[in-house]
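Presented sequentially are two complexes of chain A, the first with chain B as partner and the second with chain C.
After this line comes the complex of A and B, so read on.
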């Protein structure tokens, strides 16, 4: 995977969550992930096609998802309801769109599919491609979320 | 002249979240006469039955996309002048050109704030 593919997703995540959910995610050090097990309890997944095949996963811990979605929607959520799932899908969609805009400026054009949302501790993301998976961890207040990107 | 806050605005998006966010933002801007549809195919009959003053529609929707909805609205004598704001997750040049050619009033790229939405509305209704 090209190193220049990382920043568009990192910056896209910060931009989307700052603008839509009024929170300030702090990125940690990216790392290579060996398995397909999601880091969080709820994940939005979007497949990418174009310059190469890939996927982006936005995975939240339960607490982080509720914090971000409550802030974004202006009402308090205490469970991973259908509305929280829908919101995680839309966040994933926006992160992917924001990143694709930046990638297009680098000459890499991608089209995105419709996001799907998976819930449950230790769930597997089977749609991740064959390529290596890079995980970018974020802290939102004290809560964890991770953006994973994979390109063939 | 600022936009009439009593005008009927139709919000079209397949994601309930996004409809709610746009609804909240329009509410913050003083617009109260809001209706929703979950894609172009559900929106079109609402537009054709009359009374819709402004359409805010997502680009990427199943069944009938925002672009196809725009084309259908512009093709009908009774609805062709309804202002239409397209919401997109990306700002691909070819998409923007296609939307302009189809007669879009303006477009806004996600993520966006209520202020950005207000600027777009003011520009459309000036």
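After this line comes the complex of A and C, so read on.
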């Protein structure tokens, strides 16, 4: 995976969450992830095809998902309801879109699939493909979220 | 009288987000999950502007825009097309189909409201 693929996803995440959820995610140091186990409790997954094959996962801790979606929708969520799940899928969709625009400027063109959302502690993301997986951790206030990208 | 805005969007998250933003600015909002539902809504209520997503099941944004432009009763209603970043082809097709303007998600509330106001006050006259 090319190192230049990281920043579009990092910046896309910050842009989407600042613009639509009015929160300020602080990125940490990206790391290589060895297993397919999701870091968070709820994850949005989108497959990417084009210049190469890949996937992006936007994974939130339970608290982080509720914080972000509550802020976005202007009402308090206290559980991972269908609405929170839908919002995580839509956020993943927009992060992927924002990143794809930046990737296109680098000459890498991708089409995105339909987002799926997986819920549960320690859930596995089986659609991440064969390539190495890079995880970018973020803090939203004190809550954790991670964006994982994988390209063949 | 507040202006009536028809929001056509399959994602309930974005539908709700747009509804909250528009209502907060004093608009009356009617929602639909796809083009077919939107055409049903239009048959019973007059709207001042339409905000529609591009990718939707059953009848997508492009088909919906074409249906609007081909109908004498609705053809003058201004339409704002919402796309996800990276959908340049969809945007071009949307404008060709008859969208008045387009905007890429993520949606910044102030920018979105500015675009809707422009649709109604400038283009919709």
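Just so it is clear, the second predicted complex is superposed on the first by the 152 of 152 C-alpha atoms of A that agree within 3 Å, B and C clash if a C-alpha of one lies under 4 Å from a C-alpha of the other, contacts with A are read in each partner's own complex, and residues count from 1 in each chain.
Assume a residue touches a chain if its C-beta (ideal position, glycine included) is under 8 Å from a C-beta of that chain, and two chains touch if they have at least 3 such contacts.
Note that the coordinates shown come from a computational prediction; the quantities given were computed from them, not determined experimentally.
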item	value
Chain C versus chain B on the shared chain A, clash or fit after superposition	clash
Partner chain in contact with A:86 - chain B first, chain C second, else both or neither	both
Partner chain(s) touched by A:100 [first = chain B, second = chain C, both, neither]	both
Partner chain(s) touched by A:20 [first = chain B, second = chain C, both, neither]	both
First, second, both or neither for A:3, with chain B first and chain C second	neither
Interface residues of chain A shared between complexes with chain B and chain C	15-16, 19-20, 72-74, 83, 86-87, 89-90, 93-94, 96-98, 100-101, 104, 112
Chain C-facing residues of chain A, complex	15-16, 19-20, 69, 72-74, 83, 86-87, 89-90, 93-94, 96-98, 100-101, 104, 110, 112
For the chain C and chain A complex, residues of the former touching the latter	11-14, 16-17, 20, 84-87, 104-108
Chain A-facing residues of chain B, complex	15-18, 20-21, 24, 60, 62, 88-92, 109-113
Complex contacts: residues of chain A adjacent to chain B	15-16, 19-20, 72-74, 83, 86-87, 89-90, 93-94, 96-98, 100-101, 104, 109, 112, 114
